[in-house]
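Structures incoming, each one as structure tokens.
Paired with chain B in one complex and with chain C in the other, chain A is shared by the two complexes that follow.
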Partner chain A sequence: MPLDVSPKFRPYEVLPSLNVPGIPAVAPLPTGETQDTRRIQERFGDDVLAAGLHVGAQVVYIRPTRLVDLARFLRTDPRLRYETLVDVTGVDRLELPVPEGEARFHGVYQFRSYSRRQHLTVVAPAEGGDRPRLPSLTSVYPGANWPERECHDLMGILFEGHPDLRRILMPEHWPNHPLQKQIPRGGEEVPFTLTWEDPEFETLGKQILPAESVPPKVPPGMDSRRHLIINMGPHHPSTHGVLRLVVELDGEDIVRVDPDLGYLHSGFEKTAESVRYKDFVYYTDRMDYLSGMTNNFGYVLAVERLLGLEVPQRAQVIRVIMAELQRLAAHLFWLSTHVLDVSGTGMSLLMYATRDRERILDLFEMACGARLTVGYFRIGGVSHDLPPAFRDNLELFLQVMPQKIDDYERMLTLGPVWEERLQGIGVITREEALDMGLTGPMLRGSGVDWDLRRDMPYSGYENYDFQVPVETAGDCYARYRVRMEEMRQSLRILRQALDNLPDGPYLADDRKVTPPPRAELDLSMEALIHHFKLMTEGFHVPPGFTYQAIESNKGELGFFVYSDGSARPYRLHIRGPSFNNLYAIDHMSRGHMIADVITNIGSIDIVLGEVDR
Partner chain B sequence: MDWLNLLVYPAVRVLVLFFVLLTGFAYLTWYERKLLARFQVRYGPNRAGRFGLLQPLADAIKALFKEEIVPDHVDRPVYLLAPALAIVPALIIWAVIPVAKDFPAVADVPIGILWILAVAGIEGYGVILAGWSSNNNYSLLGALRSSAQMISYELPLGIFLVSILVLAGTFSLVELVEMSRPWWEWLWLWLVFPLFFICILAETNRSPFDLPETENELVAGFQTEYGGMKFALFFMAEYINMITTSAIMATLFFGGWKGPFADQYVWLGPVYLFIKVVALLFLFIWVRASVSRPRWDQLMRFSWQFLLPVSLMHLMGSAVFTVFLK
Partner chain C sequence: MGLEERLPEGVITTTLEKLVNWGRAHSTWPLLFGLACCAIEMIATGTARHDIARYGSELFRASPRQADLMIVSGRVSNKMAPVIKRLYDQMQAPKWVIAMGICASAGGPFNNYAIIQGVDKIIPVDVYVPGCPPRPESLLYALDKLREKQARARLKAQAPSSPPAEEILPLGA
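Take a look at the complex of A and B:
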């Protein structure tokens, strides 16, 4: 019996808007043209509603009826070669002054050409008004499966032709699509809420509340009569959090794996719509809680791009140091848990690697006072300058670490079992990796030579000399090799960054965006006013949207920000690498044994906080 | 005074043995945790008592006072019987192991080695029945793995035992220890000791052969539905098995209670045995801290394609040596 969670709307008072007239505003249409947009326009003619550049990115507005054709064209045309669909999301424009007759919902697609190093955003207005419909792109890019499911789940867009359009993050019986603008945040009464008027409250703590046990449904297509179906998770030692995998087994061989997500869904995207830009930095820490710095990084870059803000050199290098340290810390943790999962006896390695991770966390603590949920980055720079002792400690760390990485690699590769367990397991070919929209080490393990740091550099990565490890085997061992080598390359980048750390401000001095230094407040009335305005109202971001991706340790971490000109994001979408990479688990596991599912989970390297967001 | 010999002495011996084994089990957990901690740059238990020496006591109290939960969906009689079936063989196998000169733990039966084989055969039942009766998919998979694994590894184990038997020419462990062996026989035995040890690891479900209870695949394998003292019994069985098998290995390969002056001073026998057992236990724990676990089909392949042929060859070699050199 499903729980009754039909929403009881509380009277929802909207604060009188602080916004000046003219806000909210619709994002302006793209202007100008590029080679690619010209080619698309030539081919699709009037079906291209608008095309050109918008906030430095190529954007094409396409009529939804031609969307699938466009996708196929993008993928197959020899002069375009957009091999992969990175992200699918939607924007609900209910609260924007949309001209009469235009669609309420927009579907937003991010295409990527790895061979040509191009990025293209395609916007398709959805048909059907309040019940939006868009054609599904799964026939062209199979990897659109999960992103479209997510968009359907949260935004309510119906993707026609999608093979498996179930809910993915919210519970199956959830009454609404929470990212639609008419759904208030926190408006629904969840079944576990107790109010003081509740009669049950009288006896709370004196009784055991009767809890209905609802056996979960078997996912469609699974045969529980012929095969053994086991439920891995949500509480399982090796699913790295609250992930539930429904595994169909024939003996010990995997027939199918169906991941059930959403146990840790915390609505970051919805929350983002009601906090100011500067306040959302701290939320991003909680997403992928093993790489807080990286998440901060992606978010502040996206907002800075919309603002057109120049970040001081020193801040850029500090950011690179932090991001690379975070990559090392996350990879060390990945290594130790992966070994623990695969071999069970890796407890020793877990402890060794954790010891080194502690050193990194100590460095973080030095810089910002926190170890895990750091919140160190600010829009325009970082929150504090590096303390003097940081340099020495990092120096020490850089001296010790290369030896440690070699040691760990020897611990594993000298034993016979490790290679035996990893080689040939979870094979993903180059084509499949592109199909599924995998990123990061998953992509590089399958032979695609792509790293955002090198190929679409941000924050001055073009100034560093490092290599991008690529393996062609596509199995778990290849991904292991890629990550081990990435750790070494991170050390190289750190060494260069530390040697070339410039002096100067660590925060931009644009007073409309970054608060003035504390000392200035005592002297300058203007600084005080700026401070007051920034702390109460926040800064306004010009209308527009952008998609900013960075190479996180798990893959491509993308932030899609849609601004309506106010001080809060109108829509913020996070493309978590774990989410898209986890899609591969079914493909990787089929035909292998149950022990290999665990290997594959470890090899994908997921953090559930980011998968579910 | 026949009844004295028949009942009272054995009873006293059994009680002493139980006491020693259960205390040994308790401190083995402490020993393992301390050692593992040292391998893993940790401290291990150090709160209860000096060096954490009272930790086993605290654990025992905790296990005893836990609520006894029997899930609704289990096959109750079998479910309750299984932990007992697991621990009893681990204890009774000790009966034939000599602890000092002319002094078996309980009785010098002329079929000592057969007794070991027979009781080791029963050991699997506890695990299998636990997994089966729990009515849980994870337990079932764990039990299936365990039965396959135990059968596979009992074969080479038994053949190695037969090989030793052929060399020694006696079934009695007491005689086996006391007879003097030529140097080539020791070498020939030690040659296969690593393989024998691997079989023992598999037989006791110890890491890296702990596939029946692989926590990272099968949650806790056959013990998933067990808690409190019933779980503790499985735990005890595993650890007592470790002690027992260490004693067996010490007896078969390293001369049991033998050592300098052990012939003159009988009390030195148990001391030497203790030292050898502790050294072998160290080996168990060392392996646990450093060797990765193979996948389950790789485990099987290793047994059937490598251990079994090697054990057969060793047996043939032993037979040839016995005929021509003895």
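Take a look at the complex of A and C:
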């Protein structure tokens, strides 16, 4: 029997909290219309339940029976051309005042047209009440495979017609679908006072639970009689964390790779439902732990969008600085581990690149006191202003860094090993990249000229002059080139941001959302009240939902937030770029050798914390 | 070590126990595996600035058979727990465990269905390092603490590798 410490184990009691939950409300229906929604309405008539704009985004509610038709229409209609399905998720509306007879579960789909720079959210009520069913979109967008599996695993929605609807994150034997609302969050009671007499301490340092080994299973469809099946991970030095790959080999050629995820599943989405909006910022750091700043960024933008909150200019520029520094740090880390896995110059480049990364971490530490889990962004701005010494240090960094990037490139490309190991490996064509819903450098390495910073700008990215590197070869080498060039472009953005850093407040001056400055608390009763309200109750976000995507260093990082009007997210879904990009590993590795799997993992640039969430 | 001071005499007398402990404490090889955010700080400890090699622990071994120390660097999910247990069982005694970060120590911010509230529920832990993530300096300090413990070890009474079967409490007890 495998280890089972699911909620049965010391159930967590929900303590009465100071937090007034607000009146739960369903998100209002979209209003108005756009060109696209009109076309869809003309085509689908009464099957469109509602269409229009909601929180500034195009939303269409469609009858589930027509969902596949709609997807096909979106993809093939020459005037719509939604090439990619970026995300699939669901909302369990059990705790919302849903009118009698309406569906409990909603499927939420995010479509993206790269050629027309359009985004469309499609909502489909699921049939079947407590045992929800929706048609699978894998026949139209193959990239829906994993997102649908995830939604099935965590929400319990059955996708009919899905080729391989297994659990993806939770262990196979898991008794429930954790994101359904009737399932408790689980966990343990937190004792706030402990003495050494506490029975908790009796077991300190000792094993108290059995954890029996689970024999690894061969995934369905693999032929263990004719082929050799190799298990890589979850403890393997080159899988960049706790990823398990089951590789089917014919001689030395790879027949199939089946990733087994979830070894770091940490329940971010469920946890989000029980913390206040402002507190979830700290959780996002711990998701893609190589890019804390970027994760903060995406989340606060989503909440600000729901709130309709204006962020001061200075804060916007500070955010851009942090996000680009983070991109550099993460790319440096990617480079060093990728090189370590693949090529001979391994250790030295790792040492050099981490040295430069430490410089960036020093800058972060200066701004917020933390290196990795920064928690620097606030809803409405950032937590502190930049310290005076920051500018000089960043200046220094900007001076030394360009040379370093050139050096690293020379170190790699002067030797024969690097190109040999990367060129022609893991080729993805443009069409395949769109099919699979890849984003970020994976997409740009395959010739799709798309960068959210330029094409759907946020936080003032439209004011910076930078190029989006695109390569057409689609192999690991192309992706390497894209990322190297991205580092240079990040330096360019940093230069411009630093030169044009405006003065002014670093946090929005909206007392309903941001706490008053410390000095005011001593002088004004009103400030004290605001502060108290914010710290005990948090702020309420108007009912509605939004999907906010940003260009993180690995691709499109999206936050889907559904608010019921209370102070905590009713549902929060994170579209992790690593998760969707990792889907390509099977396709990239087929026909290559086992050593190339390692190259491909490095080239996808995954962080397991974000894959598994 | 202060060896230099004694060098003129050319002879050192000590007990076998002390010699063995000295050897173990100064070449503790960790198991090469990372779990979550803390792993990144563990890597940072291993690289240029913090340089874990000063402690004789730079040799991260990929095989549990060759490792003495397991640094549990991050949150342990229900799916990962049996794997960690198996890795621990595969390590040869004497072996030590550092629970790095609040997640490995007590579950940390992830008080939910997915994460085990402390790795000490499934394997015995020698040193707990607070922090989220602990800075590389904290990890080095934890190694110091571990050395203190290693120096006290008695050759005869090596700790059993895992508790006898009857000591394992059933779920929910």
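Quick note on the criterion: the second predicted complex is superposed on the first by the 562 of 613 C-alpha atoms of A that agree within 3 Å, B and C clash if a C-alpha of one lies under 4 Å from a C-alpha of the other, contacts with A are read in each partner's own complex, and residues count from 1 in each chain.
In the analysis below, a residue touches a chain if its C-beta (ideal position, glycine included) is under 8 Å from a C-beta of that chain, and two chains touch if they have at least 3 such contacts.
Worth saying up front: this structure is predicted, and the values here are computed from it rather than measured.
Of the two partners, chain B and chain C, it is C that touches more residues of chain A. Once the two complexes are overlaid on the shared chain, A:242 sits against chain C while remaining clear of chain B. When the two structures are aligned on the shared chain, A:596 is found in touch with chain B, with no touch to chain C.
Of the two partner chains placed by the overlay, only chain B lies in contact with A:348; chain C stays clear of it. Contacts of A:230 after superposition: chain B is touched, whereas chain C is not reached. When the two structures are aligned on the shared chain, A:185 is found in touch with chain C, with no touch to chain B.
In the superposed model, A:420 makes contact with chain B only, not with chain C.
Residue contacts after overlaying the shared chain place A:173 against neither chain B nor chain C.
Judged by the document's definition of touching, chain A residues 236-237, 350-352, 355 lie at the interface with chain B and also at the interface with chain C. Within the complex formed with chain A, the chain C residues making contact are 32-37, 39-41, 43-44, 47-49, 62, 74-75, 77-87, 107, 109-117, 120-126, 132-133, 135, 162-163, 167-169, 171-172. Chain A contributes residues 2-10, 12, 170-171, 178, 183-188, 190, 203-214, 234-237, 241-242, 262-267, 270-271, 282-283, 285-286, 289-290, 333, 350-352, 354-355, 358, 371-373, 608-609, 612 to its touches with chain C in the complex.
Only residues 36, 39-42, 137-138, 141, 207-208, 210, 214-219, 288-298 of chain B touch chain A when the two sit together in their complex. The touching residues of chain A, when paired with chain B in their complex, are 228-231, 236-238, 252, 339-348, 350-352, 355, 412, 415, 417-418, 420-421, 593-598.
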